[in-house]
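Chain IDs A, B, C and D follow the sequence of writing; residue 1 opens each chain.
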Amino acid sequence: MTAAQPEFRPEELLSSVIAELIGDVRHVAVGNASPIPATAALLARERGKGRPYVSLLQSRKHNFFTDGGRELFDCAGQGRIDVFFLSGGEIDGEGNVNLVSIGEHDHPKVRFPGSFGSGYLYYVVPKVILFRTEHSRRTLVSKVSFISAPGTSEPNVYRHGGPIALVTNRCVFSFDKAKKRFALASVHPGHSVEEVVEHTGFEFDRAAQVPFTSAPDADALRLMRETVAPELAEIYPQFAQSVFGVKIVA
Amino acid sequence: MTAAQPEFRPEELLSSVIAELIGDVRHVAVGNASPIPATAALLARERGKGRPYVSLLQSRKHNFFTDGGRELFDCAGQGRIDVFFLSGGEIDGEGNVNLVSIGEHDHPKVRFPGSFGSGYLYYVVPKVILFRTEHSRRTLVSKVSFISAPGTSEPNVYRHGGPIALVTNRCVFSFDKAKKRFALASVHPGHSVEEVVEHTGFEFDRAAQVPFTSAPDADALRLMRETVAPELAEIYPQFAQSVFGVKIVA
Amino acid sequence: MAVIASTIESALEAIADGCTLAVPRENSGVAMEATRALIRRGIKNINLVALPTSSLQADLLIGAGCLASLETSAVSLGEFGAAPRFTAAMTSGTLTLKDSTCPALHAAFQASEKGIPFMPLRGLVGSDLTKHRPDWQFIDNPFGDNDPIVLLPAIKPDVALFHAPMADRSGNVWIGRQRELGTMAHASTKTIVTVEKIHDGDLLADPILAAGTLPGFYVDAVAVVPRGAWPLPLPDHYAADGEHLAEYARMAATPDGFQKYLAQHVHDRRAA
Amino acid sequence: MAVIASTIESALEAIADGCTLAVPRENSGVAMEATRALIRRGIKNINLVALPTSSLQADLLIGAGCLASLETSAVSLGEFGAAPRFTAAMTSGTLTLKDSTCPALHAAFQASEKGIPFMPLRGLVGSDLTKHRPDWQFIDNPFGDNDPIVLLPAIKPDVALFHAPMADRSGNVWIGRQRELGTMAHASTKTIVTVEKIHDGDLLADPILAAGTLPGFYVDAVAVVPRGAWPLPLPDHYAADGEHLAEYARMAATPDGFQKYLAQHVHDRRAA
């Protein structure tokens, strides 16, 4: 990194790298309680001059749905949602996500809220970006205790969707569907491959040289701070304030 | 008939007898182009002081549906429609209705409009009243050429509905589901059993003495003429005018 | 995603010869002026799917020789009698028809809306409709016991076409209670709508209007065509033109009369 | 068919001990004051079905010992963290839970709405959710080839309960974009609604309002309860009371704290 590189916050880095992963698509939907994916989606829209269409499910303003709670899932089933975000109490090296429990299902040691739409959306949304800021051996495990939704399926299973990447607070993994395996794509500035290995509970591929995650450029930072942040404040006031300094208006 | 019996029109007789057949139920739905069943349903509602609920599908005012064209069928599937009316290009002695064609299906001699909802509603509406004013060997046949919807089904077939009666311009038949057969319930005043036999293409049961269809009483006539007719005028202006003398207001 | 087209012809470009075209029943907002424009263009080999019935629209397209096939649960002019070109085509054996029943069409569109390959439906067991529908399948209901139930394959049209009261400049279309128009759009790859007028402002911004709005996300083109359903009705806006429909029924009773009707009311008539 | 009840308690009479009760997700209009009234009444053995998730409502009912079982795709307080009584009941093995996924719940309600015994759904193949759902069945899609697909049995609750912005005196209820509330009512034997206010006039008479209205035909009782969703939000009307939810999360973290919350905010509180 050169001296000319503008300073940025970790959230800005993550948003920028997720915006890159979104790529050139028609429609990105973002679930509840996902301020960084929401920032990324809105940034992608700004850079794409209105494309992709962004639906923030938590917002009344930033989603078009008028057919009730089923419309998100119907829309995905129609092939009209290109990118979605999922997280997991546990995520394993084959891309399986666990949003249910650790231990016996009916009497678990740890209980998470539940699978939400993962048992469906993971199969039908072409690009699912896994996002979990806490990167530890507790969250990124060798084998999940409960599969809310599997990372891959047998060839005969109807499946147009699945994970393309996993973004954490330390790095970006890409997912290889054929190998059913993650590969370390980049390490965030200030972090190291060794650190990633140490804190990851699953095996993953890596090249001899792993690049650093590209820092957000000046244009991306300007768009996030000036254009995206005020939009975010509607649904993520705390986040918009603490990350971007947007004043909370009661 | 005594001298005190008020005079009535054939449409008033048919409406009154259909209102009796409707009985004490929660919800009657009436399809398009059915002014006599509509009169009967509204008469039943007046006599029941608001019960049954009447849905006239052709009316914007007299139906509550807000979930699109499927709601009628969904509502019936939920068991929320107790009475419906069906007709047929042909109706046979087992209660089968033909709304499709006579002759080869793909190259018929006679083609009717199509089955509409009969292939479903006949199975799920408990009381289906068949109504066909033209009572002839052309319409009431021994065996329909095409079964749009069968009058009865095998015991294992999911079926809560079916025909309870067939009302024509000559008589009323009741339907016996177990015997899969109509019985002559009453002959309209001015008509005879012999005439019914002559003009009916199917075999049916009849008692030694077949009563005349009960004439509408003074109360029913008053309700039809004073209360029901103005309501009907919204959707059946010609009918309301010709039968009840309601003036057509442009 | 919609653009407001400057002409009805440009709005209809996505409706290509040979495509599968979904249209609503006769009293739900039929795009009649668009239909006339398609006939003027000389469209051919359309697989028309009526949700779930049709009247003048199907009859005109049949008579004008535009259809390869038709799926519907009925074609009729209602109080104006049988649909003459439909009846003639059927009795002469020149129309490929998939006879259906209303809720089967609704269900098959909902299957496509939900991205599922089929939808079950009660009824139909023992109906001769099923003899002519090899695409329908019976299974023994896995939740029952010796309980036959029909499975209807999803209907996924290439294009949905209908007429509605209004749209805004983002292509959001107000459909009100005609929810089947939303399902039709969700089920179809593309959707083209003609509207009475443009609503100034955002239909999705007002919760009351939004409740009856099909989002522009599903809409590919909108054209403004006042009285675009004529001579059919537009619910809550105008009634059917009974006099014209009676005239149609009279003229279309013969092939020559139908050609005269086409010349007078389709080819010589242009959108306002 | 609805009557406007004079008290919330009388409106809730149809919700009997042991019944299956359907409720909407946390941001769609949850009848929270009605829920508190049910807890005050001491309701027991409810089979709660959340369409498709729940937050405070399920957590309160679990903590107060009102549930026999729960079917949901998640229970969480969202930004206020895990649902403490749900989590405690699960880890102590005292709650019978049917874990689902959101579109499966929507589909199963739609099956009931359509009067069909089941609805197919994509996804779910290979998910451990299916191991704990003997009521779900896989078949080989008859329209495919070696194509497993899950069939979900219809969910037919005894009662649906939710909160909406307004109703008229005939019991027509304006639900707006929350169409799943309509499906919930269609799917359920009875429906009870609390509303912010009574709308003067007929909601079905105005086509714009009618588009967002659940007809009173499906509604058995209505009670007027201003801010009846508090402390949860009512879309377009009021936001969640974050301060209160944070306080709940704190208090409900322990059994004692939860009992204190119940005493303060449920038993000592009455509807306005």
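In this section, a contact is a pair of C-beta atoms (placed from the backbone, for glycine too) under 8 Å apart; a residue touches a chain by one contact, two chains touch by 3 or more.
Keep in mind it's a predicted model, so treat the numbers as computed, not measured.
**Q** Comparing the two chain pairs, does B-D have more C-beta contacts than A-D, or is it the other way round?
**A** Counting C-beta pairs in contact, A-D comes out ahead.
**Q** Please report how many Å separate the Cα centroid of subunit A from that of subunit D, as a whole number.
**A** Distance between chain centres: 29 Å.
**Q** Using the average of all C-alpha atoms in each chain as its centre, how far is it in Å between subunit C and subunit D?
**A** Averaging C-alpha atoms per chain gives centres 36 Å apart.
**Q** Let me have the rounded angstrom distance from the C-alpha centre of subunit B over to the C-alpha centre of subunit D, please.
**A** 41
**Q** Between subunit A and subunit B, what is the separation of their C-alpha centroids in Å?
**A** So the centroids are 60 Å from each other.
**Q** Quick check on subunit A: which residues sit in contact with 2+ other chains?
**A** Residue numbers touching two or more other chains: 65-67, 70, 73-74, 77, 124.
**Q** Subunit D: which residues touch two or more other chains?
**A** 107, 110, 114-116, 121-122, 144, 147, 149, 177, 182, 210-212, 235-236
**Q** Chain pairs in touch?
**A** Here the touching pairs of chains are A-C, A-D, B-C, B-D, C-D.
**Q** Quick check on the complex: what are the subunit B residues that touch subunit C?
**A** Interface residues on subunit B, with respect to subunit C: 32-33, 60, 65-71, 73-74, 77, 99-101, 105-124, 146-150, 153-154, 156-158.
**Q** What residues on subunit C touch subunit B, complex-wise?
**A** Residues 24-25, 28, 51-53, 72-76, 78-79, 82-83, 86-87, 90-93, 97, 99-104, 106-107, 110, 121-129, 131-132, 144, 146-149, 177-183, 235-236 of subunit C touch subunit B in their complex.
**Q** Quick one: which bits of subunit D touch subunit B in the complex? Just the residue numbers, please.
**A** The touching residues are 1, 112-116, 172, 182, 186-187, 204, 210-218.
**Q** With touch defined as at the start, can you tell me which subunit B residues reach subunit D in the complex?
**A** 27, 53, 64-67, 70, 73-80, 124
**Q** Within their complex, state which residues of subunit C touch subunit D.
**A** On the subunit C side, the touching residues are 107, 110, 114-122, 137, 139, 141-144, 147, 149, 151, 153, 175-177, 207-212, 235-236.
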